[in-house]
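The same chain A turns up in both complexes below, where it pairs with chain B and then with chain C.
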Partner chain A sequence: MGRKKFRLDVTSTRSRRILFYLTLILLPLLAGVICLCIGRYTTTAGETLAALGRILTQGVEQGDNLAKIIRDMRLPRIVLAILVGAGLSVAGLAFQSLFANPMASPDTLGVAAGASFGAVLALLFDTSTLTTQFIALLMGFAAVGLTLSIGKGKGAERSLTSMILGGMVISSLFSALISLVKLVADTDSKLPAITYWLMGSLSNATWYTVAFALPFVLGGIGLLYSIRWRLNILPMSEDEIQASGSNVTVLRLVTALASTMITAACVSTCGQVGWVGLLIPHICRMALGSDNMVLVPASVSVGAVFMILVDTAARSLSPSEIPVSVLTAIIGAPVFIALLRKTGGWSL
Partner chain B sequence: MRKMKKWISLLLLITMALSLFAGCGSEQASDADTAVETRTVVDATGREITVPGEINRVVIISTMPLCSVYCMAGGDPDKLVGLTPSSKNAAVNSFLSQVADLTDVSTAFAEGETVNVEEVMNLEPDVVFYNSWNTPDCEAVEQLEALGVACVGFTTEIPSAIESVNTWATLIGQVMGTEMQADEIVAYGLEVEKMVMDRVSQIPEEERRSALILTNYNASGITAAGTTFGRYWLATIGAENVAMELEQKVAPVSLEQIYEWDPDVIFLNSFSAFTAEDIAANNAVAGHDWTGLTSVQNGEFYKMPLGMYYWFPPCSDSPLALQWMAKHLYPELFTDIDMDTEIKDYYERFYGVTLSDEDLNTLYNPPAESAM
Partner chain C sequence: MTFEVKNGSFRYAHGRQVLNNISFSVENGQMLAILGPNGAGKTTMLRCMMGFLKWTEGHSLLDGEDIAGMSQRKLFSKVAYVPQAKNASLASSVKDMVLLGRSSHYTIFGKPGAKDRQLVTDTLARLGLSALADCSCAELSGGELQMVLIARAIVSEPQIIILDEPESNLDFKNQLIVLKTLRNLAEQGITCIFNTHYPVHALRHADKALLLDKSGNVCFGAVHEVITEDNMRRAFGVETVIGQIETPHNEYADVLAVNTLPEEPAISEDPSEESEKNTMTQIANEENTRLATLSIIVEDRENADKINAMLHEYGQYIIGRMGMPYPKKEVSIICVVIDAPETAISALSGKLGQLRGVSMKTTYSKK
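The block that comes next holds the complex of A and B.
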């Protein structure tokens, strides 16, 4: 039975480290450029790259439809895919450390349900895209605020458990509220929009929606990146964390806040994109081990690549858009199972 | 112990009192049944339905444009006691409000996509109209029929809008006993359809213009007409349908896909609040630039009118919608048809409504609040 676990060694020598980080940076860029050439509008890769050159050098002239499509439709979507994929992956990773639970996902604290409720409510009242995003973001933070206030208590152990329980309660509360809105919504016009939005889609990507999500997602990723070595000690007992010289409460709060920022911004921009926050961190763990120093940058990069690929499929496979969550699950589950079998599992 | 007995006896008393009321209700109903003779119709499900000879209370439990056809085919608007919220919204915000005052019609039975059977029963309907292709409707109908309510099914699966309207009008005429009026509508719809098809059939294949129908466009996305009605309209007016590859009735599509199709003409259904001017001036959704499209540059991006109902789905205005679309696609083939006169005549003839020029303007340029 003694099958050896499969691990990539990326940190033992300096050259390995350089190669590793170079790969992490180049992979999403490469995926982005390749997927920029794919879409419903028929062009060749050469024409696309030439158009990209025109955009960067002389701007888009009236009548240059290809450049317009690249600049206003494909580029914002790819940038959004990078943000969402990277953000949700690293948020999931952080939550799995925070709760020392491999099943924790970015919506453990109820942020996804809260933000979804906000968006659905805004859709009901037919607000503009930016208002919808804003209300969703607010409700996401409100949901986490509620969860944390429930989770308040003496002793860290109790606090963690009650945070998870609080998250479940708040999640189901907001899910019920979402159902209520769906019940009230007009079946002809509003309900299809709400249902489609809940399935998750990046089709709303414009530079405006991207600009809204960007600071929150980048801020969150930056925060988590800066405390990435501390994520290793998060699953330990409270005494052990104290002994390492970190303040438990602050560390936990910062982790929760950063992940919430990311998730709320993602959900408010493109609905509930499931699976990424669970799938990508585990894939990275299976390949690289459990050191968060390596896992945080790896999750960011692999998450971005994954999302670029999946969303390109969502927008290009058929003339009508395919909800991206459907694809993340359909592609994600088999990949996950295959990796699980090949590597023999993982540990936190 | 004694207290409990008291409660139990009180409960029994209430139950008995309630059953007494229920008894009264059913007795009255059976009286009415024997007093007036009944009619038998065959509905869209192919079943024989027995309806009361005298119908005074009608409830339409489906979200469909049936309401406008009902009013045209001789159904008395005053007999309509229940509608879905969206049908009511459409009725109140369209020209239907000039024919029928439906502001007081109840919508209480609609709970999202499902139907509350008890609320329908509260309206004491003589007959219920429903969409026989809609599962939640059919579930409610099963219960309503068990309660003795006559339920007549209508279909939304006939691709031809004209044929849909005709089938609905005929069935409504049979149920309400106003067949004469229905016959006239059917004849006129077929006449218009034949005229349009005859004229566009002369166009050689290679000279056909391409077109696309968008069913809705708002902040949450763009949807295009796919199968059924979308294919019917474009095939009938002799357009090359760029969206033939869509396999859904209504499909979410990206702006990039529309650029790929780049049809000569785009029709935007009046479900959307955006106007052709919004599109041309880039005033629609922030970040969506439509101005590179051939149709927008040539001023051939058209917003569909809102008459008795939104003109994309089959409705009592469908013969007008067909002429309007055909004339916009091939103006030179329909120079003899003046839409203003057509619409005014049609409204006069079938609804008994005289439209002013201002009315016509509202019909062509639906107000933003009428959007869905």
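The block that comes next holds the complex of A and C.
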């Protein structure tokens, strides 16, 4: 019929499925191990792997600097990159389904702005990293709660458009509050920290911050993974969703909650990392089609790989760290444009 | 399986009354067409029937059980809904789209298995859509998309399929394909309820009709008793001619709109007379019978049973019947003499004429 688009076929046979899932699991591991060897403390791959072996088998001995660097600095950062990349990609994917809108990103409901405000406020009062994370998370949820209550509308059905509008309003409200905090922040000590935080960075990564984000991100991904087939119905009309035997409100709320958990946890740990939630789901769609059964695991894996690579570039390209969101945009925009031109447009 | 609406009324909050005391019921394997002018509330009624909107008063009953008390999953594993095929913005492949029809059989965490995928493949093959299986829904034509949505409804293995204007935006041929598909489903025992803008489609393909007018009143019954020139005038404000188009083989019912009528004045001097005039009526069954002969040539032997069943249905009116095989041409010839109300005669001849390989003519007596 000449209408079949080129897609990677990953589901038609059992062996293709196994190969597909194996690739999805191995790719981030491979990227993680390679990037573990890269950093300002130059080592060879052999030394790094030997150190990794020591960490895993006998623990780190006194004076073993390489093992220390790997255990306390590079490893948590790579784990955090996996969490953030995978989480934001899946959250973006879910929001694009939820709003039936290819432009939706994880912060459509105002999570990112809310969480950022929380973090900035905490930075202003010089709290510890974990407290900052906690306040950011709380404010992220509060922002989404506000958005949902705006979108509810009086008596009428809760329409998706009013939810998006609510998200825009809340986002700009919190952005204004962030500016206010920046205005009153001490220009020598606080303002640089705030500005740097807002640009997004994984340099905060320690096993503690990872442990804080981990349950939310994994929980959210797990939830979205388990309802991934329903994500295919989500962009359709309300009547169609209902006629599929699903409860529209429950399905939408579960999706929004899972994505919010992920995004709030990510933003509160490493600031605003843009583009991932938009770029990765669309790259996956262009390669694999629109079936969320395949897209959810693919986004997890590709998002993790992307974030590991970008963060490694951010920490090792120049003597001082480059903010992650700067890199995601610089890499993301051209890649995205190239893909768009090649595949001809985007859709869900 | 009986689907029933009892005394259904609907008004929007603070709005006008849209539907007024509607009652009807459909049985297994029947096709019900819902007709009415724009704005009469056809779509609203479909949405009320399935619980997308709540009846202000009254109930929808499935085998006597109120659907308002049923779980979504239970309800929609028996009832399938086919929306109008106009939101083709989704790029999902046809087979993924059709597979979604299985979702009412699973919980929110459920996933379809190999059996479900096989059912999708089989259904697509049965409807002649196999070639489209890997196409994206966004690239389909309107007719193809409508058939895909019907396929999605079929794979949920429903007892009732409810369709919102399934043939509205389609060309000639695709309209016929859709309607024939519905007829096939009905013959397999699946009840089909559909909205339509075309009285002819109701007349030719449906068993029952429900006619809504702008004031929310309703006329329900066998399709030939509901779609009459009088009722068309009252519901649509259009002067129509309902007649037959004859070919050498067959005669086909047709509804022709010839003239719009001026809006009738709202206030009348004699209210009782006015209301009488504006009420749509089902033609009384018992009076005014006519004598007619139906001459039938059957080329397809497989239809013999169906014809017998149809004649049996009208047994009370049939006063004589002759059948003879003609082996030389491998046909059978049947002649039926019937004394029945005109609507019953046209209903019977309409149904017979639909059958493949059947030629049929009706001759009425002059009185």
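The definition used in the following text is that the second predicted complex is superposed on the first by the 336 of 348 C-alpha atoms of A that agree within 3 Å, B and C clash if a C-alpha of one lies under 4 Å from a C-alpha of the other, contacts with A are read in each partner's own complex, and residues count from 1 in each chain.
To be clear about the criterion, a residue touches a chain if its C-beta (ideal position, glycine included) is under 8 Å from a C-beta of that chain, and two chains touch if they have at least 3 such contacts.
Small disclaimer: the values here were computed from a predicted structure and weren't measured.
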Chain C versus chain B on the shared chain A, clash or fit after superposition: fit
Partner chain(s) touched by A:290 [first = chain B, second = chain C, both, neither]: second
Touched partner set for A:15, first chain B, second chain C, both or neither: neither
Touching partner for A:242 - first (chain B), second (chain C), both, neither: second
Touching partner for A:209 - first (chain B), second (chain C), both, neither: first
Residue contacts with chain A in the superposition, chain B compared against chain C: B
Which of chain B and chain C A:232 touches, first, second, both or neither: second
Chain B versus chain C as contact partner of A:44, first or second or both or neither: neither
Touched partner set for A:250, first chain B, second chain C, both or neither: second
Nearest-approach distance, in Å, of chain C Cα atoms to those of chain B in the combined model: 39
Complex contact set, residues of chain B against chain A: 63, 84-86, 89, 110-113, 216, 218-221, 223-224, 226, 243, 245-248, 250-257, 259-260, 271, 285-289, 291-292, 372
Contact footprint of chain A on chain C as seen in their complex: 13, 47, 50-52, 72-73, 75-77, 79-81, 83, 87, 89-93, 96, 100-101, 103-106, 108-112, 131-132, 134-136, 138-139
Contact set on chain A toward chain C in their complex: 1, 3-5, 100, 155, 226-227, 229-230, 232-233, 235-240, 242-247, 250-251, 254, 285, 289-291, 293, 347-348
Footprint of chain B on chain A - complex, ascending: 39-42, 62-65, 68-69, 72-74, 76, 123, 126-130, 132, 182-193, 196-197, 201, 203-204, 206-209, 315, 319-321
